[in-house]
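Alright, structures below, take your time with them.
Next come two complexes built around chain A: one with chain B, the other with chain C.
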Partner chain A sequence: MDYVVLLKQVPDLAEELEIDADGTGLDREWLSFVASEWDEYALEEALLLRDQGHGGTVTCLALGVETGDVDELLATCLARGADRVIKVGSFEAPPDSHTAAAAFADALAHVHYDLILTGVQAIDDLDGQVGPLLATRLDLPHVSVVTHIALAHHHTTVTVHQEYAGGIVAEFEATLPAVLGVQTSRETPRYAPVSRIRQLMKTATIEAMAGGGGAGSGLVIEAMAIPETGSTAEMISGNPQAIAERIAAILSERGIGTAVAR
Partner chain B sequence: MSGDIVVIAEHRDGAILDPTYELLGRARSLAAASGGEAIAVLLGSGVAGLAGSLGAAARVIVVDGPGLASFSPTAYQAALVPLVREREPALVLIANSGSGMDVAAGLSAALDLPLAAYAIDLTIDAGGPLATCQLYAGKIQAKVRFAGGRGIVTAVAGSFPAEAGMGPGSPVIETVAPAATDDRIRFVDLLRPEAGDVDITRESVLVSVGRGIGEQENIELVEALAAALGGAVSSSRPIADLGWLPRTRQGGKSGLKVKPRVYLALGISGAPEHLEGMRGAELIIAVNSDARAPIFSVAHYGVVADLLDVVPALTARVGG
Partner chain C sequence: MSRDLPIIKVDQTFELAQAVVDGVDISGHWNRMFSDRSVTEYPTEAMDWVTSLDGGESLRDCYQCGKCVPVCPVNHVGDYGPRKLNAKVLRGNNLLDDPDLWLCTTCGNCYRVCPKEVNPLRIMPAIREQAVLEGKVPDELSEAFRNLQKSGNPHGHSPRKRADWIAGADVPVPLISELGRPVDVLWYVSDYTSYHARGQDAARAMARILTALEVDFAILGNEERSDADSARLAGETGLFEMLAEKNIESFRKYEFKRLVVMDPHAYNAFRNFYPKLGWEGEVLHYTQFLAPLIDRIEFRSRVELDVTYHDPCYLGRNNDEFDAPRRLLEAIPGVRLTEMPHNKANGYCCGGGGGGMWLDGFVADHVSERLSERRVREAVATVGADGTGVLSVACPYEPSRFEDAVKSTGNDGRIVVRDIVELIDQAMQPPAH
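Presenting the complex of A and B:
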């Protein structure tokens, strides 16, 4: 069983985001980047499947974008236990999902896989999720919002759960090879010591492959804006006691808190 | 190209789901602007009876076949690709649900039609369709158009009123067989959530906690506050994923939809998937250390502070 995992970095939402001078994109100058949360789940699932008796290799692919640090991302994959890492194409800025899917499709013509795992979504996609876009390009079946990945012994099918609203879940059986958009992993993504990542960044082989060119999202971004938050909310400030006092008063107006016994 | 607005209907257990009505309501007004029809496409097996629930559409296309008895990403895609290709609607509207993500991106790639994802608004003006989409977990909004004037839109649940799509009517009903089938993904079973110790959909006070809680041991702090308020503790998804609270306490897109009298959002950023499950609460009070957290755009009262300071103070105040 050979697994391919697609990963990327996204802006760290703990930092403030700003719009660029054109008003149609993010100002990338001061951004700091982190691995996209759902991709870490995808990698963890691949490693678990490999190590829980199914064997095979885990190959991680990321686009060669100049923002952030792709080498660190891929070295982290190796530190966690991936067998092989590949940087695909070369992009000044993170491309749209359609372009990313086209680039991965090019590269995957040269990589063997039985199962491709992606994060279910990423916070920066505007034109849809790469998983199903890539799957359709490769003529593979795909399932999004997946948990509970279980491989059949004969390795020709996989069983997964797809999550819906209200905690309802569909179980599907998919014929391999297939693409899955991973929502969460069975276990918290494993930790890789920073020292090991640093070392691998110096010594490990990060392969490069060509990919990309010309797909485009077909979307024209007219404007980007930071929505006003708190314009409708009444903001409460003060020290914790003053804040507690005010919230207690708001609640007690509604008969909630000390005034009511349940 | 026609001016038609197609809505892919989502249904489960013999009922049309709310997000479909939300889209259908918007499709009616968009169709009026584009000079086309609001068309609902209903896929299933023996589902003709459900077409009657889509009275707000001008036309319902029922795609009926044994391979469509339950949702399957491949079966839906195989059936929809030729249909959308042939009818050339101006817009295809799809709920941004688990199944909707598969259908929308699959159609976009197969038909080379642009896709605007996570839309919270959609209008048509002289320049054609204009979608407002959420990015960066709700921290940015983008207004986008389709280069060729037509495309696919997935909408965040709750973006449009469902009532507008629920009206009675007598749509033209066309029944067709799927033009193609693809059984590479086979439906096995529908699993329903087990009941939890507490039913958060019935609580009138929810003290809801997100990743801002920091450590598992801090859950005690919110348990104490909930007890003091006579309410229950609920959570965002990561807290359930971490196993710090049972899955049955999770509110949101893949959790439960809650509508309590009071919802205290503590250390919850307010990602679209979370808002989807709780924005209907009567009173929302949010505590978050980030003044730009999207939760403040749905809150009635907001506090920019460390929840680890506010929660004990509030517990002492109401419990004292």
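Presenting the complex of A and C:
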């Protein structure tokens, strides 16, 4: 079983985000980047499947984007236990999902895979389309927002769960090879020691493959803005007693039950 | 002395089976000193491996005298002992899968007494780094590493909230980025002082003291990252370096005369390890900064407290500062200072160092009680349990550790834990009545 995981970096929300001069994107110059959380879940699932008796290899692919540090992202994949990492194409800025899917499809013409996993979406565009678009290009089955990935023993199918509102779970079976958009992993993504990442940054082989060509999504971001802070929220501060008294006063003002701060 | 006696060959040494000099028989038993020691019959791979690591070299020098055993705080509560590390490695155990690897708090008391200068402060991080590289890290510790990596603090709180404690300080606490000019003191607030509720109490007290002393100071605010010295001692060298690079970048961005730190671990890192990473400057623990200024503080009340002082391992024993904290305490009106039996260079470790802060559950399986609990009992025995006793501290790890221990040892209400700056701040306030 050969697994392919598609990953990318997204802006680190620990830092202040600023809108660029054009007002259509984030000012990326001062941003720091981290691996997209959902992509980390996809990698963790691939590593768990490989190590829990199914064997095979885990290959990680990321687009060669100039913002952020794709080498560090891929070295981190190796530190977590991936077998092989490949940087695909060359992009000044993170491309749209159509272009990304086209680039990954180009590279995957040269990589063997049984199961392709990627994060179901990422916080920087909330698009969630790379999985479906890639599956379309490779003519593979695809399921999004999946959990509980399990392989059949003969390795010809994969079963996954989708969780719906109201506690309802659907189970899907897809014929391999397939593409999955991963919602979460069974376990917290394993810690990648910084010591190991730094060692690998110096010693590891990061392969490069061509890929891309402007597929284009046809979508244009016209304006981006930081939501204005509304004036309706009241921040209650003070000691616990004062806070409790204020909450009790608000509740009684609105006639909600009888609240007394004690 | 006759030459026709049988000669026994032992390795390269020749010894007479019987020797008589001037009529006195001085024959020794041939195998006592000159034969191979039985210990070489054990596999040498583990010792060769440990001593090949940068920092692991001195483990081989141990000659099993055992002076380290009674001074090791962990030995008091369990089977662990520094000498056993050497014995285990001699028997082929490379410690990578041995719980002992994580029990050492790197307090350094064994190194202090070791006649052979076997140094676990270097040995343990060296072996632990190999465990970290192999992913053999206890889960709790991994969690702290992950938080440090993602958020720059071991708690996993947002770095943007690092200066939120300012709100309750009642005095202005300037951010150096907003000040736009050089300052005398860049105050490095530290992790627990910034985020932990009891640490924040100390931060606010310190802010009031600096203001009262009219010190020209500022803080880094959101630009401050963990010193991560304990992560370094727990083997995550890369993480330490990554965060050091960020701090050094911030230190270089601004002009200041000296760095004043709350946390002895930060003091140790900035003073002893940042120079190797390219930053050098004057670093003072807050007790060292305040001690020469204490006469300028206007005390308005007497505290009337029986106080004992816990020497932090990384201020006292490992960085030789014993006097500054005591000078501060003795200057506070109404403080009656009494030493615990384990004090100064022989101070007892709280258990939080070297990663111990984030290994509580792991360590619990191997010890009869926490080191912090043992220390609290010692403090109670020293200053009494009538409620006027104070265990004073100068490390931000301590208030939470010792206050938990006060509760778990049933001493709630019988002794309190206070940072020295909290006591100074208390005596600066007008009398309560």
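Here is the rule we go by: the second predicted complex is superposed on the first by the 229 of 262 C-alpha atoms of A that agree within 3 Å, B and C clash if a C-alpha of one lies under 4 Å from a C-alpha of the other, contacts with A are read in each partner's own complex, and residues count from 1 in each chain.
Simple rule for what comes next: contacts are C-beta pairs under 8 Å (C-beta built on N, C-alpha and C of every residue); 3 or more make two chains touch, one makes a residue touch a chain.
Here the structure is a predicted model, which is why all the values come from computation and not from measurement.
Using the contact criterion defined above for the overlaid structures, shared-chain residue A:I168 touches chain B, although it does not reach chain C. By the document's definition of touching, neither partner reaches A:T203: not chain B, not chain C.
By the touch criterion defined above, A:S237 lies against chain B and chain C together after alignment on the C-alpha atoms of chain A. With both structures placed on the common chain, the touch criterion links A:A14 to chain B and to chain C. In the superposition on chain A, A:Y191 contacts chain C only, with no contact to chain B. Taking chain A as the reference, the larger set of touched residues comes from B, when chain B and chain C are compared. Counting contacts as defined above, chain A residues 14, 16, 237 meet chain B in one complex and chain C in the other.
Within the complex formed with chain A, the chain B residues making contact are 12, 17, 70-74, 77, 97-99, 101-102, 104-106, 108-110, 112-118, 130, 133, 135-148, 151, 154, 157, 182, 184-193, 204-205, 228-231, 241-242, 247-248, 250, 253-257, 261-262, 269, 283, 285-286, 290-297, 299-305, 309-310, 312-314, 316-320.
Chain C makes touch with chain A in their complex at residues 129, 132-133, 135, 137, 142, 145-146, 149-152, 158-160, 167, 222, 235-239, 241-242. Chain A makes touch with chain C in their complex at residues 14-16, 34, 81, 190-191, 193-199, 237. Only residues 11, 13-14, 16-17, 19, 26, 97-98, 101, 120-121, 123-129, 131-133, 135-137, 141-145, 159, 161-175, 178, 181, 183-184, 188, 217-237, 240-241, 243-245, 247-248, 250-251, 254, 256-258, 260-262 of chain A touch chain B when the two sit together in their complex.
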